[in-house]
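Next come two complexes built around chain A: one with chain B, the other with chain C.
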Partner chain A sequence: MQIDGALIAYLEDLSRLSLSDAEKTRLAGDLTAIVGYMAKLDELDTAGVPERSHPFDHTNAFRADVVGDSFDRALILRNAPDAGDEAFRVPKTVE
Partner chain B sequence: MELYDLSALALAAAIRDRQVGVAEAAGAFLDRIEKTDPAISAFITVDRADAMARAAAAQAAIDAGEATSPLAGVPVGVKDNISVRGLPTSCASKILEGYVPVFDATVTDRLTQAGLVVVGKLNMDEFAMGGSTETGVHGPTRNPWDTARVPGGSSGGSAAAVAAREIPLALGSDTGGSIRQPCAFCGATGLKPTYGAVSRYGLVAYASSLDQIGPIARSVDDCAALLAAISGPDARDSTCVVDAPFAFDQTPDEGLDGMTVGLPRNYFEGGIDGDVKKAVLAAAKQLEALGARVEEFVMPMMEYTVPAYYIIACAEASSNLSRFDGVKYGYRSPKAATLSELYLDTRSEGFGLEVKRRMMLGNFVLSSGYYDAYYKKALQARALIKDAYNALFKKYDLILSPVAPTTAYHLGENLDDPLKMYMGDIYTVPVNLAGLPAVAMPCGFDGQGLPVGFQLVGDTFAEPLLIRAGRAYQRVTAHHLKQPGREAE
Partner chain C sequence: MSWETVIGLEVHTELATKSKIFCACTTAFGGSPNTHVCPVCSGMPGTLPRLNRQVVEFAIRTGLALDCDITRYGKFDRKNYVYPDLPKAYQVSQLYAPICQNGHLDIDAGGVPKTIAIREIHMEEDAGKLIHDPLTGSTLVDYNRCGVPLLEIVSQPDFRSAAEVLAYLEKLRETLLFLEVSDCKMQEGSLRADVNLSVRRTGETALGTRTEMKNLNSFRAIGRAIAYEAARQIDVLEEGGVITQETRRWDDDKGVSYSMRSKENAQDYRYFPEPDLLPLRVDDDWVERERAALPELAHQKRARYIADYGLSEKDAATLTGHKRVSDLFEALADKTAAPREAANLVTGELMRLLNRTGTLPEDLSADSGTLARLITLVLDGKINRNAYKEAVEAVFTEDADPDEYISAHGLLMLSDDGAVAEAVAAVVADNPKSVADYRAGKQQALGFLMGQAMRRLGGKGNPAAVSQALKERLN
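== the complex of A and B ==
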C-alpha cells in the first residue's frame, strides 16, 4: 500500500512528532517499502491461531506490598529541564 | 603480557591472589581506553574519578570478604541504555541530553555486589534501534578490525570495546540480535539470555517483550561468569522468571557427547556471503568432531520472522517512547510556548530519523483499520514461530546457525536503506520472538580478515547447554583469542 501525505500527517499526530518536509518525503517512501514487505505475512494461514504478545504464558507476578524508601524529590528534580516549587515546571496549560 | 590480555576470570584470580590490585586493574584499562578509544569511539562516558572510587570500594569489599564472586575486582563497561547511578545515560539520543539517573539498574546493583568495577558507558544505536552503531548522537563506533567499517549494533560499543581489549567484560542488550550481531562483526563472544533470566529494571525500554540484557566478553567462560552475576529473580521486574537454574558458571564440563545439533539448511541458501557460510559450516563440523550429532533440517517460517519482528518491536517502541516528553528529564525544546508545542518540538528535535521511522511504523500497525492486518497478524506469526521452535527442541538440543548474512560492512553503506538493514536480522530475530537463549562466538575470518561469528540457540533456560557446547568449541579453537591489529589468521 502507498503511505501518502494524509497518512503521514495522521501518524505524525499519533507519534507526537512534527516532521520537516524532507523527513515527510523520506519517511513516506521508506514506510511504503517497509509496509509492502510486511504484507508478506498475508500469505500465512493464521485461522484459529492465538495472538502471542509475550514469549511465555506467565500470569502477572506481584511483589509483596511493603513500604519502602522513595527517591529523593530534590535529586529527581535536578534532572528536570525546568523546575520550581518542588515541581516540574511546564508552559501554562489552562487559561 | 599486559593486564588487558588476561581473560576476566584470570584477572579476577590475580586480584584474589593479591598479585594485582583492583585500582591497578581499573587504571590499566582506563589507560588502555585513553590510548585506543579515540580511533574506535566505543565509549560515550568514561569518568576516571568515579571509576577509581568504585575500584576502591570493590577492593574494600574483597578485602572484607564481602565480594566473593569469581569476577570480583574486574572492570566492566555498560551499554548506555542501562542505568548507572551518577553516570549519564543517553541511549545515544539527544532527547536524553543531560540526564543522570538517580538509581542503579538491577544489573548494575548486581555488578557492584559482585565486586565488579563499572568504568564507563558504551555507545549504541539511538535507543538500540539499529544494527551498525551509526545512528547515535555521539557519532559512530568503528570496528577495531577495520575502522572504515561498522562494529554492528546496537551494542556496537560493547562488542568493539571488548574486541579491542579496552575492557574485559561488557553488558549489552539484545532485542533482535543487538548482542549477537556486533559480537559476530567484532570477533567477540556474547550471550542473549532466555527472556526473564535477567531483570530489565533500569534498562531503557525499546520493545519490552523482546529486550534482554546479557554479557559480552572474549570467551564463553567469561560470559558464563558474568551471566551468573547478573541473572536471577527481581521483585522490580514482574517478567523475571523465579525458578530457573541461575548458577550458569557451575555448568559441568561434559563436552558434546550425546548432543544433537540441528543445522537449518535453508539458512545457508540465498543471500548469505560465501565466506560466512564456509566458516559457519566449519563450526558445525567442529562440533561433530567433538562428539555432537549434527542433523540438517528446514527452518519453518523463515521468511516471516523479520516482518513479524519489526511490526511487534516498532509497536512496542511507539508506546515505550511516548514517555519522552521534555518534562521530567533530558532535552526540552527552547522554542515551545505551549504544552503541546513542548511535546511536539522536544520530540521532533530530540529523536533521530531511525527512531522517528520506527515510532511512525509502530503507530501505523497499531492504528485503527490496520491493526488486524499487521499487528494482530504478527502476534499470530509469533505464536507459530514459538510452536515451530517447541517442535524443533523435541528433536535437537541446540540449533547452530549464522548470526548475520555478511561480515562487517562499511560505515554509511546501509544507512540509506532501512529495509536492507532490517533484512540483515533474519537469523537473530526469531530467537527474541520465542524468548530463547543464544550464544554467539567467532568461528573464523572472511577473505578480508574480518571476523565471522556463529550462534547456538537453545530451548528456554538451556543456557547451561549453550555454555557447555560453546566452551567445548573454544577449548579446541583459537578464533576467539585473535586480536585486531596484533595478528592475522
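== the complex of A and C ==
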C-alpha cells in the first residue's frame, strides 16, 4: 500500500490534525512500515480458517446495571490540556 | 408532473438503564457538568469498557416487540470520527452484526393502515454535549451524557408523507414506553430522529439522491422539516438542478434547513471491529426469557379494554396514551371492580386536571388507592357526583385524604339516619296542597316535594333514600 502525500493529507483532515512537513514525512515512513508489516499476514494461507472478529473464544463479558461512583471532577479535568472549573475546554467548534 | 417523497428514519432512543453502557456512571439526566464521568466514559487511555447486560436485554425486548430477528452472534464496531463530543474519537456502535434485524411496525396514518419495515436496531453509546462559552469564545464539553446507552432503530425508506412518519414515531414511542426501555422524553433528548429524504417523479422506482436532517427533537420540528425539505428538493429538480447528498441542519426557529460545512459531511468512519469488547452470543433460552418478560403493549391493551370493558376506541386510546395513565386505570379497575367508572374518571376528570395544571402524563402521580376509595364512595351513594368531582380535584392537586376531605367539607350524603325522615315529615306537613295533588295523581307534585326535602337537607340527601322515604310517607 502506497502511503503518499495525498493519503497523509486526507488522514490529517479526517483526524483534525495539523502536521508540519517534517512530521508528514516521518509519518509517511512510519505508516509505510506499519502497513507493510501487517501486509506480511497476507502471505499466510488462511483457506479453511473461518473468519472471526475476535482472537478469543470467550463471549458475553457483562457487568450488572449497578450505579457506582463517578470520578472526582477536578481529577478528571486535570487530565485535559485545557479546562474550566466544570468542563473540558476545546477550540471553538462550528455551529 | 407530480412528485413522491421517500423518507427513511433513524431513531435514537436513550435506554432507561441506571448506569452507562460501558461503565458504572449514572445515566441520570442533568447534573452539574462532568460529575457523571469516569476514566472509561471520558475516554482516558488504558481503560477498558464492560458491557451493561441490561442494555442487551432492553435491545432484545425492543427487537421482539418490533418482530425482528435477534442476532445470535453479534459484536461491536468502532465508528471513527473526530469531534470533541466524543472523547475517544470513535463511537462504539454496531455496523456488521446489529442485535436486531428485519422487523416491522404496523401504523395507522389517518385511517390508512401501513407496515413500515425496520432494517435493523443496533446498540451504541451516546456522545457528550458541547456548550459555547461566550466569555472566551471557546467550546466547553460536558461528558455526563457520554456513554449513555442508545438504541438506533433504522427503518427502510417506506414513508411517503410526514403523516406516516409521525404515526410511526407515535407508535414507536408508545411501544418503547410500554416496554419500559426508554422514557422517550424528547425535551431531554432521549428520543431523537434523523430524517433521510429524497423525492422522485410519481411512478418512478429508482430512489432519488437523499439528504439527511439530523437530531430533530420534536414531532412538530420533524413535520415542518419534512415539508420544507421535500419542497426544496422539488424546486431544485424542477429548475433543472441536482440534489447533493449531504447532511442538513434544521433551524426550527427560522423554519429552514441549511447545508452543513462540507468537512462535517466527509463521512468516512473507517469502521472496524471493537477489539476491547468480546463477541456477544444470544442463545434461544435468552431470547425466550426476554419474550416471556415482554409486557402487554399499548395496542394490545386497547383491544382488551374494548373487548373486556366495552370501552370506546377513543377512551381506550386516551387510557393508553401513556404507560402511567394505563397503569393508573388498571389499578383503579382492579381495586374498584368498576372498570367503566374508572375509565370515566381517568379519561374525564383526570385528563381535564392534567391539562389544566399543565402536568405531563409521565408526571402523573395520583394514588390509585385514594382515587379507588372515591369511586367506591360515589358508587355506594355515599357522596354525590358534585362532591365526587370536588374530592377528586382535591386529591389530585393537594394529595388530600378522601375521607378526611369529605367529612371536613360535609360532603357525605344523608341517607338512612333520622335527618332524612325528619326532613320528609316536615315537607309533608308544610305542603298540604302538593301532598293532596300528588295523592290525586299529579306526578309532578312529587318532584316539587322531593326538591323541598333536598333543600331542607342542604343538598346532602341521598336522592334515592329521600325519594323512597317520601313515597313511603305519602302512599
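Observations, loosely collected:
Just so it is clear, the second predicted complex is superposed on the first by the 57 of 95 C-alpha atoms of A that agree within 3 Å, B and C clash if a C-alpha of one lies under 4 Å from a C-alpha of the other, contacts with A are read in each partner's own complex, and residues count from 1 in each chain.
To be clear about the criterion, a residue touches a chain if its C-beta (ideal position, glycine included) is under 8 Å from a C-beta of that chain, and two chains touch if they have at least 3 such contacts.
For clarity, every value in this text was computed on a predicted model and none was experimentally measured.
Using the contact criterion defined above for the overlaid structures, shared-chain residue A:Arg16 touches chain B and also reaches chain C.
Set side by side, chain B and chain C differ in how many residues of chain A they touch, and the one touching more is B. With both structures placed on the common chain, the touch criterion links A:Val67 to chain C but leaves chain B unconnected.
Residue contacts after overlaying the shared chain place A:Ile76 against chain B and chain C alike.
Applying the stated contact rule after C-alpha superposition, one finds that A:Pro91 touches each of chain B and chain C. Touching of chain A by both chain B and chain C, each in its own complex, is seen for residues 14-16, 53-54, 56, 58, 60-64, 71, 76, 79, 82, 88, 90-93. Within the complex, the chain A residues that touch chain C are 13-16, 53-54, 56, 58-71, 73, 76-77, 79, 82, 84, 86-95. Residues of chain C touching chain A in their complex: 17-19, 24-26, 32-39, 42, 44, 50-56, 73, 75, 80-84, 89, 96, 130-133, 136-143, 261, 263-264, 266, 268, 270, 273, 275, 277-281.
Residues 98-100, 102-103, 195-196, 209, 235-236, 238-242, 303-304, 306-308, 310-311, 318, 322, 325-332, 336-339, 341-345, 347-348, 351, 353, 356-357, 359-361, 363-365, 367, 373-374, 376-384, 386, 418-419, 422, 433-436, 460 of chain B are the ones that touch chain A when the two sit in their complex. Looking at the complex, you find that chain A touches chain B at residues 3, 7-8, 10-12, 14-19, 23, 26-27, 30-31, 33-35, 37-42, 44, 46, 49-56, 58, 60-64, 71-72, 75-76, 78-82, 88, 90-93.
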